[in-house]
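Take a look at this one; I'll ask things after.
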Amino acid sequence: MTDQTTAVEHDPGATDALLGPDSARFRHDYLEARGLRVAFGGFVAVRDVDLTVAQGDLRFLIGPNGAGKTTLIDAVTGLVPATGSARLGRTELLGRGTHRIARHGVGRTFQTASVFEELTVLQNLDIAAGARRGPLTMLRRRGAVPEAVEQALEVVGLAGLRDTPAGVLAHGQKQWLEIGMLLVQDAHLLFLDEPVAGMTQAEREATGDLLRRIGSQRVVVVVEHDMEFLRAFADSVTVMHQGRVLAEGTVAEVQRDPAVVEVYLGAPAQPGTAATTKEDA
Amino acid sequence: MDTLLPQLFAGLSLGSVLLLAALGLALTFGQMGVINMAHGEFMMAGAYTAFVVQGLLGDPGASLLVALPLGFVVGGVLGLVLEATLVHRMYHRPLDTLLVTWGVALLLQQVARDVFGAPNIDVAAPGWLSGAVTVAGVALPKTRLFILALAVVCVAALAFALRATPLGRRIRAVVQNRDLAEASGISSRGTDRMTFFIGSGLAGVAGVALTLLGSIGPTLGTHYIVDAFLVVVAGGIGQIKGTVVAATALGLMQAFFEYSTTASVAKVLVFVVVIAFLQVRPQGLVTVRTRSLA
Amino acid sequence: MTQRLTALLAPGRTRALAGFALAAVVLFAVAPVLLSPFRLGLLAKFLCLAMVAVGIGLAWGRGGLLTLGQGVYFGLGAYVMAMHLKLADAGPGGVPDFMSLYGTGEVPWWWEPMRSPVATVALVILVPALLAGVLGWAVFTRRVRGAYFAILSQALAAAFAILLVGQQQTTGGTNGLNGFRSFFGYDLADPVNQRMLYLVAAGVLLAMVLVARQLMVSRFGELLVAVRDAEDRVRFLGYDPAVAKTTVYVVAAVMAAVGGALFVPVVGIVSPADVGVVPSIGFLVGVAIGGRATLLGPVLGAIAVSWAQTSISEQFPSGWIYFQGALFVGVVAFLPGGLASLLGRRRRRGRGDAAPAPEEPETTAPPSPVPAGAHTGRTAQGRQP
């Protein structure tokens, strides 16, 4: 059953239903990081990063290993302490607990798909959708499946596997389940850490289409190493190197940037580069 | 000053006993993440080793000097057997290891009861440790001074072993990054066994030392195991330094609380202080900063 | 499909109902007829211990909280009840016998509330709930977990037992409290009342199983499993795992306390030997054997283990310790799902389901920033990919 990755044809109708009509929301979210800095002991993993990502701008975050991409996400989602500022709209995110940041509408996926392996697909989504439930609802058995969960099952193409324990899903399916969890979580700011790693070409395209659709109505930041995927779907790109923002712009602009070319095409290594490869250990 | 000095000494002495009991745990729990509830029973085995050696040799002085290294070997071998038969299967299930080793502890206690009898027994202290040294009007029993010195020696030896020997480097390498160490040609199995041997051996030494303080029995280990774990938790794992500081602090607290209340209330107060302390420093006194999301 | 879904977390509704009815018939109709009054009394004692096991099954099996200190809550319930019985026996304004023997002959102020039966019943629940709530919240919000939590809970049990022993004049010291004559006005020596006590214990246990079942099949139960397996991931969804953990810890504490409160009139004594480190871990054997994550496993396991303890100790006094030690080693090392996992495995094979093995969750993996944890990849759970 794990071969059942054919459900790559997402249902656009379900996606729109889940995301809600944009005009009805009158929302224009944006992420605004200023002077963001993360230090581990003496090692500065992210230094003085300014980053603005608006809704409708599908942003890709790239950079060599150890550039600080994941650490940046960790900082904004409250996993590691950081200084500076990171705001979603008017809400300052830094200094809050992880679960409070999540409640303010920030969601993320992980490099290694992180789902609740012993719970079913449906249960995974139901939990993701339920952080605002009251105690009485929590203490009762789930009656009807929430509409958002039903729609998310369609969107990520896992409706047929709803009662399968998430632990036995194929790798790509787990990554979709995580994206589905982000959607039902009703996050306004979504970080996706290498969402298409290990996916087939068809799966990549389906995921890209889905991300593009989500990106039109949410603030989405994608960390990805796959340049082909990036060229196909990125609206804009931020390149990080050694904890700093090296370049920012459209794919074409960034590709022309001499500094980026130097970093990617192996110009002489700068001192200290070796120390920064901790990230992907 | 009159009351401060005896309390200070009592606290340091208690701290040294705790340190001896906890030092091995700092290795097996702190470095390897294995919760060995039979650690106390390894101490008990060390204590009975001292009893048996004295029965064979007769002379308390000579038998103590023989029992200390022998206790190390007895504890170490027991640890080695435990690691090889059970613990190594369960490195990914630390809490289950706790329960399994507790079962082993029960078995060892009952074996001791069946072999040596349930009542407590005494091991004579050597003549050169009888009496006390008087410092500033306070009598400091020589046995307690000896244990204090023994604790210092054990800490120094362990610190040296970890820092300066090839084995120590291997242990630290495996602890920090098992996969990388394996890839660099270090046998993590062999290193695990050695770590467990040394940690359990230290329990044996602690057991021999405890015979100097009073009679010993099959349940000797259960009296120390909880406090020893508390010391390691409060000290923070992965660093011997934290264990030393925590043992001293807990010993001093116990002594001073005991002076102003009773022994039982002091025990509860120490527990409350540790909980409160963990509120401030959940990872214990000395922390190793890592980026891993454990 | 939906049936399979519920079967994954708990037995299906009809099967559970049938099992529940069967248990009720056995406990209320069969056992009282077949067993001698002495054996029935023993069974009542086992039922009280099984109540502790229900709570441990929830906290440990579902929540991943290895609590080595349930003796504390068992003891709090037991001592509150025992204090009431001593005061009731002494009569209005009277002084319990042991106090005049060892102490000042005055009733300490904190004994006074237990003169009232209503207050006693309330305190049996409130005192442990409050302690577990405060401790749990303090510990869980600071993300003390896994082995650290286990060790702290064990230290709590040690401190509690030492405190009881130390307060000879007010708690009876090592002797504990004993020699009760009546239970809320009923003569405890009367066989009819002993049978009534058994029936009360059976009813309370069944009620607890129902509560546990509701918690397991509810959304809270699903969240609990999620917290157990990937606490940090849950946080990124906007939940505070400390809330779920504290809740289940309090529930387990109250269940243990009620078990303790009924244990006192049934057995006729409570002493520090019933509540310290050793009995606290002892509670876990039955749960481990029966199957920690199942509904009925902990109950049946606890009853079976208590029964084995009684019958083995009757014949070979030292045999029981060997047996208990061997059980811990054998079951936990080689059959972590308990006996229930054998049943489950057969049933699953029949249906061709995937195996939701109740292995030890990762949340319990090496205490937080263990350097050893550094080699686990960076995932929300820290689990090896």
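A, B and C label the chains in the order they appear, each numbered from 1.
Here is the rule we use: contacts are C-beta pairs under 8 Å (C-beta built on N, C-alpha and C of every residue); 3 or more make two chains touch, one makes a residue touch a chain.
Bear in mind that the values here come from a model prediction, so they are computed numbers and not experimental data.
Undergrad: If you average all the Cα positions, which chain's own average lands nearest?
TA: C
Undergrad: Quick check for the class: compute each chain's Cα centroid; which one is farthest from the centroid of subunit B?
TA: Centroid comparison gives A as the farthest chain from subunit B.
Undergrad: Using mean CA coordinates as chain centres, what's the gap between subunit A and subunit C in Å?
TA: That pair's centroid distance is 42 Å.
Undergrad: Express in whole angstrom the distance between the two chain centres, defined as the mean CA positions of subunit A and subunit B.
TA: 47
Undergrad: Based only on mean CA positions, could you tell me how far subunit B sits from subunit C in angstrom?
TA: Averaging C-alpha atoms per chain gives centres 31 Å apart.
Undergrad: Which positions in subunit A touch two or more other chains at once?
TA: 79, 281
Undergrad: For subunit B, what residues touch not just one other chain but two or more?
TA: As it turns out, subunit B has residues touching two or more other chains at 177, 180, 289, 291, 293.
Undergrad: Taking each residue of subunit C in turn, which ones touch at least two of the other chains?
TA: In subunit C, the residues touching two or more other chains are 232, 374, 378-380.
Undergrad: What residues of subunit C sit close enough to touch subunit B in their complex?
TA: 66, 68, 135, 138-139, 142-144, 146-148, 150-152, 154-156, 158-160, 162-163, 165-167, 232, 277-278, 281, 284, 288, 318, 321-322, 324-330, 332-333, 336, 359-360, 364-376, 378-380, 382
Undergrad: Would you pull the subunit C residues touching subunit A in the complex into a rising list?
TA: These residues of subunit C touch subunit A: 1-2, 4-5, 8, 214-215, 217-220, 222-223, 225-226, 229-230, 232-241, 354, 356, 358, 374, 377-381, 383, 385.
Undergrad: Quick one: which bits of subunit A touch subunit C in the complex? Just the residue numbers, please.
TA: So the residues of subunit A in touch with subunit C come to 70, 77, 79, 97-99, 102-103, 107-108, 110-120, 122-123, 126-128, 130-133, 137-142, 162-165, 167-168, 181, 185, 281.
Undergrad: Which part of subunit B faces subunit C closely enough to touch in the complex?
TA: 29, 31-33, 35, 86, 89-90, 92-96, 98-100, 102-107, 109-110, 113-114, 175-180, 222, 226-227, 229-230, 233, 237-238, 262-265, 267-268, 271, 274-275, 278-279, 282-283, 287-294
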